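Each of the next two complexes has chain A plus one other chain: chain B in the first, chain C in the second.
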Partner chain A sequence: MFAHLSASLVDGLLIGFVYGIAAMGLSLIWGVMRVINLAHGATMALGMFCIYGLFTKLGINPYLGVPLAALLALLFGFLIYGVALHRVMQSGYLYTLLATFAVNMIIIGVGTTLFTTSPRNVDFSLGSLQMGSEILLGTRLVAAVASVVITVALYLFLYFTRTGKAIRAVSNNRAAAELMGISSTQVLALSFGLGTMLAAVAGGLTATFFPFTILSGGAYQLKSFVICVLGGLGNPLGALFGGLILGALEGIVPVFMPVSWVPVVEFGLFVLVLVVRPTGLMGAK
Partner chain B sequence: MSFWRSAGFWINVLLVAIGGAVVLLIHQDTLRETVFTILMFVILASSLNIIMGLTGYVNFGHIVFFGLGGYFGFFLLSQLGWPLYLCMIAGGALSVVIALVVGAAVLRLRGAYFALATIGINEAARAFVANFAPFGGATGLYVNFSAYNAYGGSSKALWWIFTLLWIVTIITVVVCYLVKHSRFGLGLIAIREDEDAAMVMGVKTPWAKTAAFALSAFFPALVGTLYFFKNGNVEPEDAFRFQLSLEILVMVMLGGKGYVLGPIIGALAYERLRGVLLVSPLFKNLHLALSGAILLLIVLFMPGGLVGWVRDRLPRLRRWLE
Partner chain C sequence: MILQVKNVSKQFGGLQALNDVSFELSEGRILGLIGPNGAGKTTLFNTINGVFAPTQGQIVFRGEDVTGQPAYNMARRGLARAHQVVRPLSDLTVHENVMVGACFGREGLGLRQAARRAEEALSRVGLIERAEQPAGSLNVAQKKRLEMARALAAQPYLILLDEVLAGLNPSEITAMMATIRAIREQGATIFMIEHVMQAIMSISDHIIVLDYGSLIASGPPQEVANNQKVIEAYLGDPRLTERLMAE
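So, the complex of A and B:
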């Protein structure tokens, strides 16, 4: 029992790192733009298909594919911002919500037509590591390490570069940042691009160890919301912490009850945290 | 209360009343099925409009009330043999109770946070029902064919169901109009425009929001019971179609949120549009993407929907289009 529990806990934690990356993107977008990106899950699914396509069609190693997918996602994020969001940035949350939601519907609709909804998987293995009685899959270890590296890189970018400081300035006070000569349009577009990029990277990493369809993004998006709320919406680094909590939960819950109850538990937690402490467990007061 | 003298009121009511009455007169099965879908959309969209259009709270999980209320009504009908109209009212009552409980907790959240919470409600409700044994779990429930005999055979029963749906539609539209023009409705609109200012002006916002949420939950349950009785079975996948929830949202936006006429026009236009797209081989699979494109275009360029657009262009028609 204990060995089983610790094995699934470690497994859950490793996946939690990747969830954290996805949630970080969502959190960054909310923090800087005050937009809840409902196309986040769909972007993740696109990231998965990007890796899948590069791997099966061109034979590119998934870990080389991830940076390429990240670049494409960054550009895709700029596109979404320009087409769907820029015009409604001042119109209030109802319109930004509906706009990103419409983007989500378009991606899912086109994706379903192109890729159908039959499950795919990236048939790629890095072997496994024996630790005591537990077996850790190589792909999950690499994904967890990559997630930590990305988090550190994001931290360094946000706190030690001029552009990163501009992003944080806009996040704190858009009007004041504009008075300091920061072009808020550029910063908003960049933030959305970065958020989309993180989603695609998380999607790509997930694709190396879970089967997926174009609709898989929805479940991960919901998880990302739970994580953001746990770590505090608008606090990108708290997202990694939230991801670990959720990953641990996902590891532990199936030991005690049927797997089909996992979404009910996750959602219950989500509403509970939203209602009791909407700023998140680590969020500011 | 002089709503019967208002042109806007009669346009809305007569539109659905005459639409349904014509079908009853022509008495043709295929036409009935088409109009059944339209009336169903009108009820779902109009009730969503109460919380989304008037109060300004986006609910991505409106279909939950259709599913849960319909499930309960169908359960009473198929397992306990209650008469249809009692089942409808019982389903509606359960829906209202759930909305009151959920709303009291979730509506403390403002705006975007509320919308977030509603996204997962549908999944949670489906997962719950699929694991809930009295509702038949993942396989759902069936009605014994003899249940239709009480209404004079299955063919007569279908017409009876249609007539009930027609009456529910008229009631829904009347209620929406009355709510919009009541003190309560003005309070809701004040919440939409500025919740803090509404509070200062003496609107009891937590109470008003919860009441609006509960009211919007009642009508989908009636439709759900009728719809599942018409189909003869109910299963979780059919009851909690997230996509339908989204399509209702598009209908409200398309017609114009906040207007009583909006959801009626939106439901009609969307159903016709979908009908055209579904038969065309090119767009058959793309209809979700097209709904998304329509929604995006409305959000970006026509935030008032069709009704709002016409009202902006032709101010003289404002008295008629409410």
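So, the complex of A and C:
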């Protein structure tokens, strides 16, 4: 029992790192832009299909595919910002939320036509690691390590580069940053690009161990919201922390109750945190 | 001339905030802008540094027409501003706040140089011992100093100071005045709005006066202080009581 518990906890935590990356993207977009990105899940699904396409059609190793997908997603993020968001940035939360929802519907519509909704999986294995009676998949280990590297990279970028300072300045006070010589349009576009990139990377990593359809993003997007609330919106490190909590829950809960209870527990926690500590467990502001 | 404002008007709907304002400012001077509340002083600053474009007229900065340029562009051209309502980036440290000014100001410094520049600016305004504190934790007087340091670190040609003395106690005012003079020594031109009359009269080379969006006086401090129109704008008609009594 204990070996089983600890192994599935570790397994859950590994996935939690990847959830953390996805949530970090959502959190970055919210923190800097004050935009609730409802296209986040769809972008994750695009990341999954990108890795899948590169792997099955061109035979590109998924771990080479992820950086490629990241680059494409960055550009895709700029495109979405320019076409759908830029003009409504001053119009309030509802408009930006609806704009990203529209983007979400477009991606899902086009995706359904192109890929249908039958499940795919990336048939790729890195072997596994024996841990007690449980087996840890190599792909999950790599995904977790990659997630940590990405988090550290994002942290260093935000805190120790000039551009990072500009992003944090805009996130803090857009008008003041503008008065200090920062073009907020460029920073907003970059932030959306980075957020989208994180979604696609998380999607790509997930695709190496879970089957998916173009609709899979929705569930991950909801998880991302839960994670952001756990970790405190607008706080990248909090997002990773929240991801780990959620991952741990997904590991532990099935040991004690049927799997279908996982979302009940997750969203129960979500509501609980909102009621008890609405600033998030890591408490940004 | 570092700054030329030519026939600038600004309307907000039916409100004429600025009405055909023209003046010039030459390099190395301190120009004071005074006027009653609501006269359009801050609006004038806003049109100069690009927060919004004037409805009519032209702004020329260092020989270039900059009318309607966005604020971030003006900052990069070497126009810095310290605000009446202080706007620190609260979650960043004091040092980082000033670094942002240096990074994205006229010179667009890299991080390492910006860090050094920020330290210099912070020591100049006397905030260096608070460098690692979050900017949000400063008191009002310190935030005003932070605004100054941020403007300074950008190495601007022209600094707009919007009521940097307001809300300060007399000893803080003395210290801030010394800072302003030091900035001028360093070669920057200063254009300041101030309500603390004694201070602005003593520090300015030249004063212009706005009332209801129009320039009503311009001249050396002593002359402006004794100008009949200016006194009226501030105190109402001084002979009004006499006339009422005579009736």
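Some points to look at:
Operating definition for what follows: the second predicted complex is superposed on the first by the 280 of 285 C-alpha atoms of A that agree within 3 Å, B and C clash if a C-alpha of one lies under 4 Å from a C-alpha of the other, contacts with A are read in each partner's own complex, and residues count from 1 in each chain.
As a convention for this text, a residue touches a chain if its C-beta (ideal position, glycine included) is under 8 Å from a C-beta of that chain, and two chains touch if they have at least 3 such contacts.
Model, not experiment: these values are computed from the prediction.
In the superposed model, A:Leu274 makes contact with chain B only, not with chain C. Of the two partner chains placed by superposition, A:Asn121 touches none, neither chain B nor chain C.
In the superposition on chain A, contact is made by A:Ser183 with chain C only, not with chain B. Note on chain A: of its two partners chain C and chain B, the one contacting more of its residues is B. Once the two complexes are laid over each other on the shared chain, residue contacts for A:Ala102 go to chain B alone; chain C is not touched. By the touch criterion defined above, A:Asn61 lies against neither chain B nor chain C after alignment on the C-alpha atoms of chain A. When both complexes are aligned on chain A by C-alpha atoms, no chain A residue touches chain B in the first and chain C in the second. Remark: chain B residues 56, 58, 60, 105-106, 108-109, 111-113, 115-117, 119-121, 123-124, 127-128, 130-131, 246, 249, 253, 285-293, 295-296, 299-300, 303 touch chain A in the complex. By the touch criterion stated above, chain A contacts chain C in their complex at residues 160-162, 165-166, 168-169, 172-173, 175-184, 285.
Against chain B, in their complex, chain A makes its touches with residues 36, 38, 84, 87-88, 91, 93-95, 97-99, 101-106, 108-110, 112-113, 222, 225, 229, 258, 260-261, 263-264, 267-268, 270-271, 274-275, 278.
Interface of chain C with chain A (complex): residues 49, 51, 70-73, 75-76, 81, 83, 87-92, 96, 99-101, 103-105, 108, 110-111, 114, 150, 154.
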